[in-house]
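Heads up, the thing below is written out as structure tokens.
Letters A, B and C mark the chains in the order given here, with residues in each chain numbered from 1 onward.
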Amino acid sequence: MKTNDKTPLMRVQGLSVRLGGREILKSVSLDLYEGEMKVLIGPSGGGKSTLLQCMNYLILSDRGEIELEDRHVDPHNARELCGFRQQVGMIFQDFNLFDHLTAVDNVSIALRKVRGMGKTEARDRAMAELSRVGLSDKARLYPAELSGGQKQRVSIARALAMDPKVMLLDEPTSALDPELVSEVLTVIRSLAQNGMTMVMATHQMGFTRALADEVLFMQEGCIIEQGSPKELLAEGSGTRTLDFCSQILEVEGCTP
Amino acid sequence: MISEELTFLLQKLVPALNEGVLMSIKLIVPSAVLGLALGVVVGSLRAYGGRFFSPLANGYAALFRGTPLVIQLFILYFGLPNIGIYFKPYTAAVLGFIMCSAAYHSEYIRGGLLSIRRGQVLAAQALGFSTFRTLVWIIIPQAFRRALPGCGNEIVYLIKYSSLAYVVTCFELTGQAKIVASETFRFSEVFMVVGVYYLALVTVASWGLRRLEKRLEIPGFGH
Amino acid sequence: MNETLTVLLDALPFVLQGAAVTVTAVVGAMFLGLFIGVPLAVGQVYGGRAVRFVCDTYVWFFRGVPILVLLFLFYFGLFNFIGLNLNAVAAATIVLGMTSGAYQSQIFRGSILSLPKGQLKAARALGMSDALAIRAIILPQALRLSIPGWSNEYSIILKDSALAFVLGASEIMARTHFVASRTYQHLPLYVSAAVLYFLLTWAGVAALRVLEKRVRIKGYVH
């Protein structure tokens, strides 16, 4: 851990979610420290995506607390809610770029409409973010004209433009063809190296080993194991995490 | 005042409208049945009519879909006497409704037929189905389900457009209402009540058609 | 035959003036329907229980009652009742517009529902309020998707507008009827009117196709 002695940047306590009579999250808690990168691992349906969406209030939890910098948000107060979401960036598995807007407009629309930035200022900022993800030459293209990897990089630029304090990434590479994964991971890696605080659900094991500060293994709505990747993924550690990871690696046909 | 309203409603308006609604139903039912039948013929010709019949059927559909029903009725009732063909108001109205709704039905029938993937026919042929059996057991059951929502909607439209029979002096629901309203100058009340009559007809018909659709629903088919 | 041709040629300018009235009424009704239909659709999709009920009831009423009945109801009844003194063309335009609002709302509703759920989610995740997300993200996409439905709606309103003659509105149908009842050349006159409607339908649909191409987004297929 990088900064364990300080108070957490974001604190999640006792989050529970019930949907359609099924418990999706069962009292999940985690502390996220500044500059930290946490990785969520686990079988699909285990609650990773729900947890991430709860952390941005896209799904309202039935019980539990979320605090950002010691401040609690009332999700029924629209102003507080929107303010909170601006500080917490979200990356979706299927990108969710706005299909009627060019890449640069995708990045600038929230700056203009939410932040109230002027047109040129917003455009300059958006171009800066696009060049940060290596896409300044694609600024005028529409989402349908971009590859999956490019779409995901635009969506990262879109989130970064809001200067988020925390980024939540929900399996950002799962919907991509294998040859497009690395261009997105490269962008995320550079974010991590620049000290962005992140929580990411992923099955990219090499990436996790190299960059995660902590791995959380989720199953049936609970975090059942957590620790550094070294501990959890050590050969012969006998953890569920290791077990699960060797299964995916087997399927994907590469070595850990 | 209130009792006067009530007497008007019960003694004058409702009996007249009930007579009208009977006439409306006499217009709607044959038009719906025969319109659908003609629509199936036209739609099939549009889909499979070959070089000669499908342009003809397409032209028919375009013509009747591209012009207002009221003009079609006027041509039948006021126009054809110019060349010596006379229809009674009722006959003119029903003929007009049949020809017009057939054009609309044909659109859905054609779509339903064309939506059937080639593989379905190939598979049937591979199993030894004759052309006729393929049509009866494979194509029609699928096409019918695809066309049903559209055709059902068309029948609901027909209920509403049956009000146009009034313009060729066939006095159904709307016509009767117009007579009562003109005699009493109570346009708001009369046409409110007529509106309720139509709403009831349309709502019952849509409900029945939706139930039919549900009955025939196959999981995963049609999306 | 010669006599027929003379009648038709004499009637042409008179009926064409009616075409201008028809087109004005139809375009007016389309826009009125747009202004009514968009809020109705948004209410039906995103509204609370009460809002949804109001919107659904409006749609149910205007889709369930024949235009002819609505024209009589509003022109001779309700408009007078609330002290509104409208001429026949204006009244017909408003009634057609209100009805079209109900139908257009169904087009927009379908378009909104066909958009991926992630669009709204992504907008919210950026801190947009729901109102802003609907305005800036959902509607621009939904309205584009609605243009084919809109051109269908145009051809329906155009045909329905022929019914305005029952109020005495001086559009194509009324003028044709007027000439026919004086010259007894019903058949050629009504057939010509039908051709005129056919051309107007075709022209409008072509115009909307141009609009659709204009606002098209590259590679955007749905």
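Rule of thumb we're sticking to: contacts are C-beta pairs under 8 Å (C-beta built on N, C-alpha and C of every residue); 3 or more make two chains touch, one makes a residue touch a chain.
Since the model is a prediction, treat every value here as computed from it, not as a measurement.
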Mind having a look at which chain is the central one, using mean CA positions?
C
For this structure, which two chains share the highest number of contact pairs?
B-C
Taking each chain's centre as the mean of its Cα atoms, which chain lies farthest from subunit B?
A
Centroid distance [mean C-alpha coordinates] between subunit B and subunit A, Å:
55
Report the inter-centroid distance (CA atoms only) between subunit A and subunit C in whole Å.
46
Please compute the C-alpha centroid of subunit B, do the same for subunit C, then give the distance between them in whole Å.
21
Per the contact definition, I'd like the list of subunit B residues that touch subunit C in the complex.
63, 65-72, 74-75, 78-83, 160-164, 166-167, 174, 177-178, 181, 187-192, 194-195, 198-199, 202-203
Contact set on subunit A toward subunit C in their complex
53, 56, 58, 78, 82-86, 88-90, 92, 94-100, 109-110, 113-114, 141-145, 155, 158-159, 162
Residue numbers of subunit C touching subunit A in their complex, please.
116, 118-119, 121-130, 132, 136-137, 140-141, 144, 217-221
Can you list the residues on subunit C that touch subunit B in the complex?
60-61, 63-70, 72-73, 76-78, 80-81, 155, 158-163, 165-166, 173, 177, 180, 184-191, 193-194, 197-198, 201-202
